[in-house]
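In the two assemblies presented below, subunit A is common to both, partnered first by subunit B and then by subunit C.
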Partner chain A sequence: MLILLGIIWVLLGIYWGRKAKSMDGFMLAGRNVGLAFGTATAMATWVTSNTTMLAPQFALQLGIWGMVAYSTAAFGLFLFAPLARRIKDLMPKGYTSGDFIRLRYGKAAWLVFLGISIFYGFTWLISMGMAGGILMNALAGIPYEIGMTAILLVCVLYTLFGGLYAVIGTDFIQSLIIMIGIVVVGVAVIWSIDLEQVYTNLRTEKPMLLNVLLPASIMAIFNNLLFGIGEVFHSNVWWSRAFAMRKGIGQRAYTLAGFFWLPVPIAAGFIALTSGSLGINITSPDMVGPLMAGNILGKAGAVIVFIVFFCSLASSIDSLLAATSDLIVEDILKKMIKPGASEKWMRRASAFVIVGLGILTWVVCLPRIGTLATVLFFAGPMVASTIYPIATGLFWKSASAKGALWAMVSGTLIGLIAYFQMGWYTASLIGATVSIIVTVTFAKLAPDNFDWKKMDESVAQT
Partner chain B sequence: MNLRTTIASCLMVFCGYTSHAINLASPVFENAVEEQTNSGYIKLGWSLSADAVPMANAQFELQQADNKDFINPKVIYLGEDYATFLSGLPDGDLYHRVRSVSENEFSDWSPTVVVKVRHHSLELALTLFGLGALVFAFTVGIVIQGVRRVNA
Partner chain C sequence: MFFSKSFFEILILAALALMSVGAISLIVMLIQDMKTKKLW
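After this line comes the complex of A and B, so read on.
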């Protein structure tokens, strides 16, 4: 099954890759993505391993609020919808989120933002590489190292051949498989478990998971919501799609994707709560999702779950590889190292960067550091601190470069202190709080008066 | 592991030992003697010493009690895994010990690990919840007000 899925995605990558004749084609799918593909790619990318594997982990660790907390990440898509429209209006020829920060706030904020964004992209990639290995190990008994290597290899290959055309095309198919698969798994789980037994077991063995006043889970709700908003607002994964969609499509596509995504973490998270009543031992919390699905649904179910999880992983790894390589090629190589580089040179550089990112991710994934949550949420305060420089930067003329810079730096630092002092479930919230205070204070006390025309680089250069 | 177990069993038979002649190796927790959690979850892991000979069909029995003398303990895990993840724990001190079990034989109990569950205070949690709600409301406000201003 693994080999079959791998071959299908790589062949589709080669097929769609034929369309990517120019750099605009390779990086932004010709800027011509419609509503169906736009919605599907946003939804499939957001149904990552972090949804199918971290939502169950949240439920196991933080109970019913854990599932709800995870589903609040949908607000990232809802709130990005109007931003996508504004981005397309302001920067019709833009390429990356880095372009926005550079044009809006200048070099110092741009460098800090690139550091945050590339680091986040990399931790997300690592968490998904790890998830691939964990998934194959839990469902098929394939050793972690082999499973992790296989999924990274497949995603690197088809992203390499097809660029964003392949990413969005495969995302469309993957989103359909994910949605059908989740409905099938959900119905099968409800059919095969005794809800009363699940409740009784939780009440006696894990009582705090049913407690609506479980402190850690109360803290996690807005922490996760703000982390989700930070992820979507800053990441080039979402900006590249906003640039790639036709004018007038982005807002509707992101809103629809949010609604499609919202119930997925609750469905995925619920099965984690059944582990105790079924007597299944969980050795690592990030394995609970696939392990439970495989156990409840038997061999045939395990195959369906395997396909769904594989699709959810692939749809995000490919997006991250493409978006992070765009950020490195466009913002670092083209803007800093080789201005005026030819399209051919950039295309070759993109290929090297995609392969390099794949190799680097593989090296870091190999020792399996921490659980998925601890790896991913380490980047939480960093991305949360970018929310306000971006949101105010898109709408307020008064948002200033110094405000943006200090919001990102102080939000990250103080958020990381919270990460170590209080727990990962507080870091994004603290980072976002510091960031909003600093951004708004600078905008009010030392306001800028930005000229929006500077955002359209093609016009500015003319 | 199975191959290792089979080879070990064959060697024992070859050497003339029976399973009753060999004491089961005691597992040892990989956790600190005293663990604290503010979130009500923790992973307990254990291992056998490097020179211990694994027994065929050996399992681990993990007990939990609310007192260090293990009066009225609960068996919270019996199986072949080397770890278990506990969650949803209420405030209090929970004592844990683990041993190897093979048919009618038992190893000695491991040294005890106490897990001190001290949830964050509800005041802190609700304060952060309120702060989060406020920050979220401002975020939504920035976006809605921005869109209105642009449309106007």
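After this line comes the complex of A and C, so read on.
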């Protein structure tokens, strides 16, 4: 199954990759993506291994609020919808989120932003490479190292051949498989056990999971909400899609994607909550999803879940490889090292960077470090500190370069202190709070008067 | 204070229903984009 899925995605990558004749084609799928592909790519990319593995973990540790907390990450997509429209209006020929920060706030903020963005992209990649290995092992008994290597190799190959065309095309198929697969498993669970029985069992065995006032869970809602918004607002994964979509599509596509994504963590979390009623012993919290489906549905369930998880991993790994390589090639290689680079040179550089990112991720993933949550949430305060510099930078003329710089630096530092001193579930919340205070204070006390025309480099150059 | 049983049931069923609507909507949008040649 793993080999078959791998071959299908690589062949599709080669097929769609034939459309990518220019850098605009390879990096941004020709900037003309329609509503169906636009919605599907935003939805599928946001369904990561973290959604299908961490949401059940959240449900088991934090109960109903945990599931709801994870689903609040959909607000990242909802709130990015108007930004996607604004981005396309302001920067019709832009390439990356780094382009925006450089043009809007200057070099210092740009460098800090690139550091945060590339670190986050790489962290996300690692968490998914690890998830790939864990899943292959849990579902099919494939050794961790081989499973992790296989999924990374497949994603590197089809992203390499097809660029964003391949990523978006495969995302459409993957989004359908993910939604249909989770609905099938969810319905099968309801079919095999009574919802009332699940509720009664939870109330008796683990009443805190049904507690409306569980403090850590309520904190997790706000933390996850802000982490989700930060992840989407700053990451080039989402900016590249905003640039890639046809004018007038971005806002609708991101809104619809948010609605389609919202129920995924709840459905995945619910499956985990039934473990007590079914008498299934959970040995490792991040393996609860695949373990449950295998137990409930037997071999057929294991195959469905294997395909769903493979798709959720591939749809995000490919996007991250493409978007992070765009950021490195466009912002670092072209803007800093070789300003006059030709399209041919950039295409070759993109290929090297995609392969290099794949190898680096593989090396870091080899020793299985920590749980998925600890790996991912470390980046939380960093991305949360970028929310307000980006949002205000897109809409307020008064948002200043100094304000953006200090918001990102102080939000990250104080958020990381909170991460270590108080807990992961406070870090994004505190990082974002510091960031908004600094951004707004600078905008009010030392306002900029930015000229929006500077955002369109194609006009500025002519 | 605990979440009620009916809230729990509605939450789960609504989530599964919304995902089904999502899958159908994507297929409808794909057909429309293909008809109008606005896929990409």
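By definition in this document, the second predicted complex is superposed on the first by the 456 of 462 C-alpha atoms of A that agree within 3 Å, B and C clash if a C-alpha of one lies under 4 Å from a C-alpha of the other, contacts with A are read in each partner's own complex, and residues count from 1 in each chain.
One rule holds in what follows: a residue touches a chain if its C-beta (ideal position, glycine included) is under 8 Å from a C-beta of that chain, and two chains touch if they have at least 3 such contacts.
These numbers come from a predicted model, not from an experiment.
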{"item": "Touching partner for A:207 - first (subunit B), second (subunit C), both, neither", "value": "both"}
{"item": "Touched partner set for A:436, first subunit B, second subunit C, both or neither", "value": "first"}
{"item": "Touching partner for A:216 - first (subunit B), second (subunit C), both, neither", "value": "first"}
{"item": "Subunit B versus subunit C as contact partner of A:420, first or second or both or neither", "value": "neither"}
{"item": "First (subunit B), second (subunit C), both or neither touched by A:283", "value": "first"}
{"item": "Touching partner for A:196 - first (subunit B), second (subunit C), both, neither", "value": "second"}
{"item": "Interface residues of subunit A shared between complexes with subunit B and subunit C", "value": "207, 210, 213"}
{"item": "Subunit B-facing residues of subunit A, complex", "value": "60-63, 75, 79, 82-83, 86, 89, 202, 205-210, 213-216, 218-219, 221-223, 225-226, 229, 281-285, 288, 387-388, 391-392, 394-396, 422-423, 425-426, 429, 432-433, 436"}
{"item": "Subunit A-touching residues of subunit C, taken from the complex the two chains share", "value": "1-3, 5, 8-9, 11-12, 14-16, 18-20, 22-23, 25-27, 29-30, 32-33, 38-40"}
{"item": "Subunit C partner contacts - residues on subunit A that touch it in the complex", "value": "29-30, 32-37, 39-40, 43, 64, 67, 165, 168, 172, 175-176, 179-180, 182-183, 186-187, 190, 195-196, 198-199, 203, 207, 210-213, 246, 256, 259-260, 262-264, 266-267, 270"}
{"item": "Subunit B - residues contacting subunit A, complex", "value": "38-41, 43, 45, 76-77, 79, 81-85, 87-90, 119-122, 124-126, 128-129, 131-133, 135-136, 138-140, 142-143, 145-147, 149-150"}
